[in-house]
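Each of the next two complexes has subunit A plus one more chain, namely subunit B in the first and subunit C in the second.
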Partner chain A sequence: MITLGTQGKNTFLDDVNIKSGANVLECYQCGKCVGTCPVSQYMDFPPREIMQMIKLGLRNECYMANSHWFCLTCSACSGRCPREIDIPAVMEAVRHLAINENYVNDSKKVKEIRKFHDIFLDMIKRYGRNYELRMMAEFNIRTRNLFKDMHLAPKALLKGKIPLGVKPLKSAKAIKRMFAIAEKLEKNK
Partner chain B sequence: MARVGVFVCFCGANIADYVDVPQVVEEVKRIKEVKFATEYKYMCSDPGQGMIRDAIIQYKLTSIVVAACSPRMHEKTFRKALSDAGMNPYLLEVANIREHSSWVHQKDKKAATNKAMDLCRMAVAKSIANEQLHEISVPVTKRALVIGGGIAGIQAALDIADARIPVVLVERSPSIGGKMAQLDETFPTLDCAQCILTPKMVDVASHPYIELIPYSEVIELQGFVGNYKVKIKKKASYVNFKTCTGCGACWQKCPVKVANEYNMGIDKRKAIYTPFPQAVPNKPVIDAEHCTMLLKGKCGICAKVCDKGSIDYTMQDEIIEREIGAVVVATGYDMWDPTPYEEYGVGRFKDIITSLEFERMVSANGPTNGVPVRPSDGKVPKNVVFIKCVGSRDEAKGIEYCSKICCMYTTKHTILLHHKVHDSHAYVFYMDIRAAGKGYEEFVKKAQVDTGTTYLRGRVSKIYKKGDKLMVRGEDAQIGQVVEVEADLVVLATAVSAPKDNPNLARLLGISYDKYGYLSEAHPKLRPVETAKAGIFLAGCTQAPKDIPETVSQASACAAKVCGLFAGDTMKKDPMVSSINNEYCSGCQNCLNACPYGAIVTEDVAIGHGSKDLRTVAKINEGVCQGCGSCVAICRSTAITLAGFTDSQIINEIVSI
Partner chain C sequence: MKKLTYFPGCSAHGTSEEFDSTLKLVLKTLDVELEDIPDWNCCGATSAHVMTENLAYALPMRNLVLAEKLENTTMGIACASCYQRMKVTKVHMDENPELAKRINTTVVEEGTYKGTVDVKSMLQYFYEDIGVETIREKVTKSLAGLKVACYYGCLLTRPKDITKFDSPEYPVSMDQICEALGATATEFDYKTECCGASFSISNTEVVINLSGQVLAMAKESGAHAIVVACPLCQSNLDMRQPDIEKHQGVKYDIPVFYITQLMALAFGYPAGELKFPKHIVPVEGALANIGKILPVPEKVKKPIKAVEAESEDK
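Take a look at the complex of A and B:
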């Protein structure tokens, strides 16, 4: 059971609104996002319910959901939202808030998704772009599932879908600096 | 010998798809009286009517049969075509082969065709016996009666009076204004109800064509459209309105305190009172149920302080009679009593109030000077829960229908709450948000987005007390979980119900009412302001729950109807009315009971044969008779004839099949 009206002001709503730039109050619960979302059936709470939970200030329940981790930020929902709410931005905001406050769903799936995010960012930091082969290898190693999707590798390699090497971007150094600045800002906060 | 012309309509595909129209034409041509028969795609169109006009002249026709849609649809159209060709319009017969044949027998074309042929044969047979009839003229008294002085009655009275037609406005309470005078601000524009209503109230009082009779009730209505006589009981006010200046000395000194109806009992008024400071007329009345002087013969303070000597404890109820031509009924609505909701703790918990009580609290001229407070401790509430559909859409405890206005007034209340108490939070438990109206959906968005009202989809299942707070439990269907809201104040959006006295009033006026007590309109779509009784019209919530814009529109529509009725010195009426053959009438008076319109009275006529002795016979008032034929059927001595539906016409019809 959820008890409302005891916490005073709904700070969670304000946090999400400020971080996402969207206004969750605009949501009138039509559910078009849920029907549009390609992964809503895998989520604990589909996007519409997440929006309502934010409105009700259910901070912990929202953090512990896997919905914002499953969100692909494909923006199909916001493209069709009749109130034009940037739902992926809201999901992103919840992800950030959840990490910052150390409230993260620790299911296997979410852990894997988080590792994928980390490795992807690491690739960008190193090369300024994605190095697919290394990314796949690292993901398989770090998730301790070495042979995951391995049967697809020969065909993909032969077709040139996965280049063997990577050519770092000319601006890779600038991107590294960006990361450094971002990390510094994060520390000083 | 009769010369009948038959015109069969295709009605586009409506008839032609299911009835073999050419076959029907061939069939009717065999009847010897039929001198001309034809078919056309749209008989009601100008070329179609032209065919009728031409045939009348060319074939010297003496009666016309049109086989087409329901006579309710186009009888008038075709009658006019007959008139245009110089023929008496009542020589027309309509065979309804659309609603009565093609539409209901779509699966069997042969049967539909046969039935259409039968209907045409019947119409031809009847038309042979048709007689020339002429419109009836009824004199009109050009004065309207408006019952009820709320916004509906005020608007109707002003609109009629502006057309220079005298109006008698009867209001039961001491002041006009009705429920709208109790409102603070109105949705969706949030303009102040008093600011838009009170000028209209003043206009009513000062209008040269309006006679305002407050503190009165209609007790009798006799007569018929254009010629009604009304009796109005003017309750004793014990104050001479002619000399009273409304100075207020009397109610300031009056020692008796009574719960104030205008403020929903939140504060007290005196036994001599005006309902509210902006009342019209702004003259006090004495509440005879509570006045010590009237009850026990002691006190008399108001008479002592009144320097005009306006107080008269001996005043009696007075009966006023007026002759009027039309009636507008605008008796408004009652707020539904939420007592059956025991699970909400209605009556047990002080901090549960109805929406009209909340409205009075947030009103600038209300008992709390516009600030909502908890009735239990007088504190300003922070968390307020609004519960919608209390009584509405609840077959078990309340009423089946949707009260229509609660969604919007609750939205307004959440916004008003936020205006009055900035750090408050409103929660609304709802089943649906019905915001169909100009600017309504936008208004709801304003509450949800700008005010931050939390809408929880579900009916509240119970309310219990925890400390000095109320815990409101219900489901939020949007996340599929049970929620509890800790509330300082709970506001019930109680349903709109029909005035308790409506059934009595309906009986008194001779009009019908529905199972809820709302007065019935003549047709829900096409005659929404008229009643089944000619000359009586409905405005506002007395017909069904509605908001202010709709009420005002309906009131103005009533005014247009009244003005239309009074446009000439006499009224024209269809001649299909009953008449009595005094020679045959035995005076049994069965027809008096059979008549649903009260159109039949008795009269004494000479027996005849030179005798001066009298006997009683029935007499039909043509003005009231609607031509239903009930009296014809019940008359044992066949003394009653209904023009246009004579015995020979009906027998012809039956014999023809």
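Take a look at the complex of A and C:
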């Protein structure tokens, strides 16, 4: 259902504007962002359409689109936007809202992207830093794709590109506490 | 002797170890002493800001707070991704003291954030704090004959309101440094296109496509090699190059150097110290061009000049 009026509570547009600090209403649909975006061809809806969908209050459709998962925050679009809208911040706002409200896009690609980020954060939570080999191995295990990139492994290991060791930070506990508090804050929103 | 607080980033102990070690050689020649941030943590890179707001600020803020405890006023960051997360956090915190206080008091326990340390990428540090002329003076072995495409990627100059460095569309700082080393910087239109970044692992086909375009354009510009200042760009363009060649059916054979490797080479360090064996694409072919006399170009090329900064506050 399309909701245009405020009816006393925040519209989708308000939510996105408040969270991103941008003003989506400024968008006049020139499409420069789409031409600039390196990944727009992979998106369900390119940035220009997402902007319009936010204006129209299409909350569910925006949440379920894969667009905000494909955005790489390269900021090429916002640099060229004639209205100087921080489009990556808008994409990020939509993504954070979707995560907080438990909307799950279960397409294979989005699931894999999400899994990668989960594993990355897990590495930081556990060790305070990221260890690339371990992260890649876990990604392969958790996406049930054991042989992905295995052809790169012998060369990379031989050349010492990827270290095997994992050495947690001295203050690993402080990082764990940081994660615990941050997770609590996200949940209480 | 200058002093600089140093943030190497996680990949300095892994995929970009050659960036870290050659950076240290270069700074030795330039008389800069590095001071590591004690027990620094991962900045959160791509993933923290993708998934959560609080961690995206808290992880870099912890490093900033630790850096403020050292005496130096500037923090130099090797990895472009770390640089951006740290800089974004610093700019947002300085603009919004209320948010800074909230994140600081609830999530970061190492101390009070004051905002006294400036954040710079190593490229920016070379360009602004060391200067192209000083770099030129230190060259003992000119790289004349080597043609390079300088690839900046997304994060070193964008978003311009955050980085406030060089041009977001056609930056020239790395080109000028390479020319000071004696090399020739080609006119390369894909300087700030995206390489696909962290999709390298989770969505490899995107990287094959985007990095493939960068390689194709670099080759077309006539470059023998690509020069970068970002570990993720290097690994996408170098490690994925055989896959890209297979996918496109084209042989590029174009090595991808860190800017510090070329600087160290021009400063007279022996090639044996520059970790060239770590490259997936062999570097020997490109380096063989050093010392060769380039054919005189038909048109006299104008020297590269910095594009006027667009921001009004300058």
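Assume the second predicted complex is superposed on the first by the 167 of 189 C-alpha atoms of A that agree within 3 Å, B and C clash if a C-alpha of one lies under 4 Å from a C-alpha of the other, contacts with A are read in each partner's own complex, and residues count from 1 in each chain.
We take it that a contact is a pair of C-beta atoms (placed from the backbone, for glycine too) under 8 Å apart; a residue touches a chain by one contact, two chains touch by 3 or more.
Keep in mind that what you see is a predicted model, and the values were worked out from it rather than measured.
In the superposed pair of complexes, A:153 makes contact with neither subunit B nor subunit C. Contacts of A:132 after superposition: subunit C is touched, whereas subunit B is not reached. In the superposition on chain A, A:64 makes contact with neither subunit B nor subunit C. Of the two partner chains, subunit C is the only one that A:109 touches; subunit B does not reach it.
The partner that reaches more residues of subunit A, of the two candidates subunit B and subunit C, is C. Legend: residue contacts after superposition of the two complexes on their common chain; A:28 is shown touching subunit B, with no touch to subunit C.
In the superposition on chain A, contact is made by A:45 with subunit B only, not with subunit C. Here subunit A touches subunit C in the complex through residues 38-39, 42, 70, 72-76, 78-79, 86, 88, 92, 95-96, 99, 109, 112-113, 115-118, 120-121, 123-124, 128-133, 135-136, 139, 148-149, 152, 155-156, 159-163, 169-171, 174-175, 177-179, 181-182, 185-186, going by the rule given at the top. Remark: subunit C residues 10-11, 13-15, 17, 39, 41-42, 44-55, 58-59, 62, 106-110, 154-155, 158-160, 168-169, 192-194, 196-199, 201-204, 206, 210, 235, 239, 277-280 touch subunit A in the complex. The touching residues of subunit A, counted against subunit B in their complex, run 1-6, 10, 23, 25-26, 28-29, 45, 48-49, 52-53, 55-56, 58. Taken together, the subunit B residues at the contact with subunit A in this complex read 383, 425, 427, 445, 448-449, 452, 454, 457, 476, 478-487.
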